[in-house]
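Written below as structure tokens is the structure these notes are about.
Note that the chains take the letters A, B, C and D in the order they are written out, and that residue 1 is the start of every chain.
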Amino acid sequence: MPAFDIKNITGVIPAMVTTFDENENFDEARMRAAVRFLIDRKVHGLYLTGSTGESFMMSPEERKRVVEVVVDETAGRIPLMAHVGAISTKLTVELAQHAEEAGIDAISSVPPFYWGFSQDQVYNYYSDVTGSTSLPMIAYNVPLAGLFGFDMIKRLSTIKGLAGIKYTATTHFEIMRIKEEISKDFIVYSGADEMAMSGLSFGADGIIGSFYNLIPEVFIALDAAVKAGDMEAARQFQETANAIIFFSLPRNPIAAIKRGMAWMGADAGLCRSPFGNFDKAGEEELKAGFRKLKAERKLEGVAFLDAI
Amino acid sequence: MPAFDIKNITGVIPAMVTTFDENENFDEARMRAAVRFLIDRKVHGLYLTGSTGESFMMSPEERKRVVEVVVDETAGRIPLMAHVGAISTKLTVELAQHAEEAGIDAISSVPPFYWGFSQDQVYNYYSDVTGSTSLPMIAYNVPLAGLFGFDMIKRLSTIKGLAGIKYTATTHFEIMRIKEEISKDFIVYSGADEMAMSGLSFGADGIIGSFYNLIPEVFIALDAAVKAGDMEAARQFQETANAIIFFSLPRNPIAAIKRGMAWMGADAGLCRSPFGNFDKAGEEELKAGFRKLKAERKLEGVAFLDAI
Amino acid sequence: MPAFDIKNITGVIPAMVTTFDENENFDEARMRAAVRFLIDRKVHGLYLTGSTGESFMMSPEERKRVVEVVVDETAGRIPLMAHVGAISTKLTVELAQHAEEAGIDAISSVPPFYWGFSQDQVYNYYSDVTGSTSLPMIAYNVPLAGLFGFDMIKRLSTIKGLAGIKYTATTHFEIMRIKEEISKDFIVYSGADEMAMSGLSFGADGIIGSFYNLIPEVFIALDAAVKAGDMEAARQFQETANAIIFFSLPRNPIAAIKRGMAWMGADAGLCRSPFGNFDKAGEEELKAGFRKLKAERKLEGVAFLDAI
Amino acid sequence: MPAFDIKNITGVIPAMVTTFDENENFDEARMRAAVRFLIDRKVHGLYLTGSTGESFMMSPEERKRVVEVVVDETAGRIPLMAHVGAISTKLTVELAQHAEEAGIDAISSVPPFYWGFSQDQVYNYYSDVTGSTSLPMIAYNVPLAGLFGFDMIKRLSTIKGLAGIKYTATTHFEIMRIKEEISKDFIVYSGADEMAMSGLSFGADGIIGSFYNLIPEVFIALDAAVKAGDMEAARQFQETANAIIFFSLPRNPIAAIKRGMAWMGADAGLCRSPFGNFDKAGEEELKAGFRKLKAERKLEGVAFLDAI
């Protein structure tokens, strides 16, 4: 049985990066350091081997190893979700069962993609995978894998064990609709970092995203502001976050996040190709760009900017 | 010179329906009644002959007539915007100049659509149309005509007279970005009714949409709540609105809005084909559906539901 | 009753350009000259006021005038089709009935676009418009207005009077499927100029397209070659045509076609904005480009290239 | 060094199915039987572990095993291509180098998908993978992974060792354009089974597709007819093939192909979930459907239909 009940897995949850070394091999030491860094920053949980975690670039064995390392390093201090989607039901079940044995608290999966599966095939996929463990399943709704319509979300919610959805789109009215027309207890994690404020306002239980690796303190403050009903403060935290996000997006964002973590002492390594990486000169240019952004936009209270 | 300065055209602005009679001809008397109804309900302005106004279903002469009738009936009490887009620059300029002579306060236009024009052609279109009158132009960003990217919005904002944007998409982080990276003075109207709360939170100056014809009181209350910083109240108004919106969307929403207005004494007539309309039996079924929705969702303070 | 039976309207049919003068007004004299030019070149029919004819840039009155002028100038020598689509059923019926009175042989229409109408609404549109005259209707399948799926084509084919389809997409297997699963008698016009050879091979009765205004002789020869079973000759004509098409596409193709006609003595005037036009210098550059293309690709037997 | 030169790998090449047993494990015996079956049917080569081969449902180890088994069973009688795409450059290189060692004649890959890589990242991917072996690379252009534009194809063609493209789209004018504007020597395989006739007419060197597992004899005859310039015969073979294809598409086509092979004595087993499979009753229904199709469409000379 998982240590954390899914109902208590809320708040700010980084879609954790996976650390690779200079030869693009999984770097266990760096991964452990990154886990410690994020726990120190008071994040409320971790979401492993998802889109940000470069999952579909890894073999099943590598994905399992990442999960094992993070479980070990976390040692039960915060809840852990593992994305186990692998298109094939068989491989996904294998990863799901491994996650359960490893000590993960909840599993998650994008729908099977590439071939354009039918709604029935997608339903069967979630039914089969969810039934293969006793862990709660969080379906992962993301344009990269094909968005679910509301009717499909409703249908998926009838699967025993399918406890909620990671909703990575800006159509946040659906979050409200899920809570009203499906159930208040159906967990929703909002996944569009640049609209975290809106996701939470429309009723999301938590937020899962890439930039929570880099600026967890900003989003933790934003989350607290929304909960306190202080929308003006929330708006300002979102503005700070978005300045950083829109600067990063055209510049290999996952690699940039990893560099930013390094500047705070938690070197998260490199990305796997075909994602690009920063060489020495590129990293200096990136730093200079962030420094300029900090000055121009008067960004304060952002740890990685202060660390440059 | 327009009676209202664009900077003061804010708040809740219905994208006004156009009233047609049983033969699908423009119905002047019904249009005047609808204008009086909306002014009575304290809307802050009107947006004419747009998507909700069935503009692309009317000849240029009909569109001009609608504008003239509304200007006459409004008599300067509230500000008026007219959508003048007609794909062709020549026809759009003709409609824009007519709107100015008729006494409209601001013009607006979707980009030229259907043929897939280049970014330069779209820019030239806005430059030519905006330059043809002294009225402020509000570019209309809507998926139906092809969304602008942020860089294009920035480029359009450099056109003298192009004062703002009607932003009908859920990517509300762009509203914040416009205010930060273009100018606080570049006007933004949020246009996704089901996310009005979010549009306003991210910095929109006003909201323009279809359902403000039917439930203006709900959105006026929502707008006030956001301004007062009472997000919990805002959330509840949005929830009420969305229950009505999602019930209506699969049921010929423009025709349903017109029926709802009729139930409050302002019969807005029929839609033009190929939009469908409700016959007697269909209207009764619609009423029954709304009654059931009101009971199930415990909707209170909604004038048209109370009028059934 | 139309002078030509739809079953006999086959072969190479230019989607005729509409001629505008320097002030973007319809230019009757140039239109008449263009009609004479195309009839001299032995085209098998004309398709008026469609996408190439800039229909959605004109008022209903202008569209009617274009039709009247072409009917008068043609004087029954070749069959004429008029595209009458105008989104609104009411306006389309008006244009359809005018076309019938004017002496057109067949009408055609894109489905209603912009608002995203349902399949039932599209069906009703075609049913209403087709039923409003005794002319055969050719539905116009084109990505710009949203493609029909095969099942929708089958459903439309059941409308009395809906005689065929202008199929402007490269999925030519559907042409074969229409002939097999709907009826050999359901007329199909292939509309992708750059794949005319394939459209005809898969069973199209004729071809309708933009470049048949400019290089009718090439496509008439291609059509004859396919009918004679000489695929190698057909391939060479297609190759010649495609060299010209791919050179033109990034250079305002409709305006380029009009310039090319001018070089052959049939000045087809200008395009309406936001389409661009060629100024003197631009036209010389275009000529130089075509001269270079002719030399490099060794293009022979192309009248407009020989006329430069 | 590969046994077959890429210039001689032409004609009809099945995108070979991968055989799985009742537990969804790779079934070596069935794979060997399927290879023998296809060689007996005189196919001109085999394309392994691509979209039809359910590649993205298998672990790297499983993919390697499939390649080894087919190489062993083929024993040099016909050329073999292996699709090695795995999103990650690192994993793809591993598969590519394994393919070379195993004795494959050419490698192929879809572009990296899911994350939406930039054109530069895609270019680097092909450059890195192609450079990692001495085998020729055939880039795989398919909507499922995001189509290349013509300019990208031109750019890819400059990579040393990138010898051609598998072009799985119906825009066949691009095949002609590749031959004219890139090089006659750049190999093109057409990949839309339902338009094989057109792909070959526009200049493709060969055809690679799913249904060549099931009805190789029809496509071998079609290929010969096109080469002989007998378009009427080619058209009839395409018509026969398309009747079978359009019947199969809505019925789990890969599973249906595997059943059809079983009826001819080469049981290709099951598909991996979430693809569906036929149970006993479903298989009988499928057979009945094919029998009815054969009678209604008077399909002759189709081995698997004659075998039912």
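Observations, loosely collected:
The criterion applied here is as follows: a residue touches a chain if its C-beta (ideal position, glycine included) is under 8 Å from a C-beta of that chain, and two chains touch if they have at least 3 such contacts.
Everything numeric here is computed off the predicted structure, so don't read it as measured data.
Note on A-D: across the candidates A-B, C-D or B-C, the interface recurring with over half of the contact pairs conserved by residue number is B-C.
Put simply, the C-alpha centre of chain A and that of chain B have 37 angstrom between them. Measuring from the averaged C-alpha position of chain B to that of chain D gives a distance of 51 Å.
All chain pairs that touch, listed by label, are A-B, A-D, B-C, C-D. Taken in their complex, chain C has these residues touching chain D: 170-173, 176-177, 180-181, 192, 194-195, 197-198, 201-203, 226, 229-232, 235, 238-239, 242-243, 246, 297.
Across the interface of their complex, chain C is touched by residues 24, 51, 54, 56-60, 87-91, 112-117, 121-122, 124-125, 128, 144-145, 272-276 of chain B.
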